[in-house]
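Next come two complexes, and both contain chain A; in the first it sits with chain B, in the second with chain C.
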Partner chain A sequence: MTFDFALARENLPALLNGAWVTLMVTFTVMAVGAPLGLLIAFARMSKRRWLAAFGAAYVAVCRGAPSLILLYLIYNGLAQLDIVRHGWAWLLFQHAFFCVVVAFALNHSGYIVEILRGGMEAVPAGLVEAAAALGLSPRQILWKVRLPIAVRYGLKAYQNEALLFMKSTAAVGAVTLVDLTSAANEIFYLTYDPFTPIITAGVIYWVINFVMRTGFGWIDRRLNRHISAA
Partner chain B sequence: MELLSFGDKGYGDELFYGALITIQLAVFGYLLALVLGIGLGLFALKGKGPRWWAFRAYASVFTGVPSLLVIFLFYFGGAEIVRSVLAPLGVNLRLDVTSFQAGVAALGLVYAAYLGDLIRGAIVNVPKGQFEACEALSVPRRHLWFDVVLPQALRLALPGLANIWIVLLKDTALVSLAGLNDLIAQAKIAAGSTKQPFVFYTAALLFFVLISTLTMPAVRRAAQRLDRGQRKAGA
Partner chain C sequence: MEFAKLDRYPAVALAGVQKWYGQYHALRAVDLTVERGEKLVICGPSGSGKSTLIRCINALEAHDGGAITVNGIALGKDRASILDVRREAGMVFQQFNLFPHMTILENCTFAPRTSLKLPRGKAEERAMRYLARVHIADQAHKFPAQLSGGQQQRVAIARALCMEPRIMLFDEPTSALDPEMVGEVLRAIEELTADGMTMICVTHEMGFARRIADRCLFMDQGEIVEQAPAEDFFERPKSPRLQDFLSQILH
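Right, the complex of A and B next:
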């Protein structure tokens, strides 16, 4: 059980390339997942029964299934369907990166739906009534009152989900993308050193995790300036 | 549908045995995490002393890296880790770590960090009066923990325990990447030999969705039982 510093230094560039892929996947999915989650959250809270049922089913499937299965389903499974295989969509679905983004965005947005819904339902009724009494339109109430407050309420939960999801991107190696984990894996198969590459990758993950957590802490303080005891 | 039937024609039985392995892995992993988590929670209970910092360091490491990486670490390096831990004790042991064992150990250690935090928080939130009352009545320590504090902490920790169960269940899928023949691996084999991946991956997906959905009513039942004796607000 030894850590080989020379080997770690030699393979650092390969691992950093992997870390770059991990970061690209993470931030692309976060950028796609947030608007998607918002859209589905509206469906989930809709008064129309079928829309609400669709939202509930979306959440149950996307949140209940491991992202690895969603990934296999989209990367390998969709190719079985002729509409996908022979249609224009194939131009997109033949790329591993695109499939990864779709699979993880489905999973990630399922969580965002519940976080936003919980946040919006927690907005005190009095605030919404006050806004209506001041003559704000329903649209203004949603965008200027309910959503900003819901985001504030949900930030901690979103932070937990974003950090869990960043770590779950380690599974993308299963569909040929060389991220940080699979870069470490490749080095293991070349050197048969089970500790050095994996522990180095672990340190890099830990740093990414730490930076993201610090960033969320900064956003949290900014959004809650009005209640922080300065 | 014939593809999913049992027997020679379909892959139903293969998938079924794969699902059993997935469930076993999740249950053993969770039990290990629970035992370690309670241990860590009690170990770090007292304020910000050295024990609390030791627990923070443990939790920071295991919540800061993906479980897949820990699974690989134990699968590839597990035998060497066990050997070098036992060597100072004079035990010279050569063993192979199976992917199932590596999975249980990795999930157990990773989720012990999450559960330790949760359980510590729950115990801290049990009213102080309960401890003082026990002392005043000179209730033995064993009864203090097992009959007074832990049942109340369980009530507080229940939603978090259920959440972590579901997250852990989904993480078992990763152990198939270390070569475990679980549900995912079986679905992959079936998909490969029939060229019908969509069917098998959907079946595997529905299995996970079903278990997560069934967890909710079970938790509600348990919550009702643990909430007996609690006054409802506004009642």
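Right, the complex of A and C next:
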């Protein structure tokens, strides 16, 4: 096993282009997944039976299915349906990037639903009562008390999920997107060097991972000043 | 005008109030009238319904029968009447229940700003005034976790006062405190009695009850068993159940 520094340097631009795609997929999915997850979490916790059932089914399917399975279903499957292929939706679903975002956002938001729900249920009932006794409406209590506390409870679990999911975006190469992993793999096919491009890609993944962890650490310190100060 | 009108109503009136938890009969047709400005202390063994009673007054528990009226406002099932009643009655809990993610000051300005739409400056001014009243203004920029239990409970009192309620409900305000902190909280409550505010306090602090209470009330098994001025209540209890209870907590 040898690491060819010249080859690594030569191919760095291609790998960085791939890393850019990985980042775009990761952050678009996070940006879409968070509000989607919040919305479904509300449904999941709704008193209305059919809404709660929908939320539960959403989690079961989207969290239960591997993201690659969802991706194949959306990218290959939807294109076979006339209603999609000949309708306005085709403007969106013809793009691999769009399909990737939908598939991963479904999966990612499935996890967010459960993280938020767990956090919401862990909020002490006394805090909700205290807010109610102060004359706040259920909606105000939700947005100003329950949710902010639930987010703090859930942040660590969300960080885990986000880091895992960032790495799992390596699957997007299966639908023609050239992300970091498939960029590295292409270089392998061209050079037959099984180590240099892949190890370089691994290092770049680590850097992305490190930056995300640092970001989460910063958010954690900001949100949890009330605990760290004690 | 408004006050003249208010004078005609007692602060709190309960008529035949019933409360069930499943099969368990927590309040059995309770009748109670609390006059404006009156200081009422409620005691009784655990499970006697005393907490349930004051939690029904501000609708933290919905009552199942009878009528509750707070400053003339009939407490119904609708959100509007519940909100109106909660504006009249502030509450202090056994477990403080401060919002952990907000500073002391934010805990106190949160409801006035959100619910009364007070501008930030006004709300902070008011918060600092009430924090000073419970001698804790110097901690305004700390978080609850940085304060002792006694300090947290005084903040909780200030937080309730910031809504300027006419009635204060205290649900065992010192039961979760270490013994050395009980005094500071009771003193803070005692200092408020001078205002002429109506107070209902569930407590077993008998010395405190003697000093502040106009009337003491003993509950057992969901009923008001006996009520009397503090002196008679402790010195000359009539019912065997109260005599029993007092002998248990005093010795």
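Keep this in mind: the second predicted complex is superposed on the first by the 228 of 230 C-alpha atoms of A that agree within 3 Å, B and C clash if a C-alpha of one lies under 4 Å from a C-alpha of the other, contacts with A are read in each partner's own complex, and residues count from 1 in each chain.
The criterion applied here is as follows: a contact is a pair of C-beta atoms (placed from the backbone, for glycine too) under 8 Å apart; a residue touches a chain by one contact, two chains touch by 3 or more.
A quick note: this is a predicted structure, and the numbers were derived from the prediction, not measured.
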Three-chain arrangement built on chain A, chain B and chain C clash or fit: fit
Touching partner for A:35 - first (chain B), second (chain C), both, neither: neither
Superposed model, chain A: greater residue contact from chain B or chain C: B
Which superposed partner A:217 touches (first chain B, second chain C, both, neither): neither
Following superposition on chain A: angle at chain A, chain B versus chain C, Cα, nearest 10°: 100
Which superposed partner A:170 touches (first chain B, second chain C, both, neither): first
Which superposed partner A:70 touches (first chain B, second chain C, both, neither): first
Closest approach of chain C to chain B (Cα atoms, Å): 17
Set intersection of chain A contacts, chain C complex versus chain B complex: none
Parts of chain C lying in touch with chain A, wherever the complex brings them together: 58, 60, 79, 83, 86-87, 89-91, 93, 95, 97-103, 110-111, 114-115, 142-146, 156, 159-160, 163
Partner chain A, residues of chain B touching it in the complex: 60-61, 63-69, 72-73, 76-77, 80-81, 84, 166-167, 170-174, 176-177, 184, 187-188, 191, 195-198, 201-202, 204-205, 208-209, 211-213
Contact footprint of chain C on chain A as seen in their complex: 124, 126-127, 129-137, 140, 144-145, 148-149, 152, 223, 225-227, 229-230
Residue ranges of chain A in contact with chain B within the complex: 1, 60-61, 63-70, 72-73, 76-81, 163-164, 167-171, 173-174, 181, 184-185, 188, 194-195, 198-199, 201-202, 205-206, 209-210
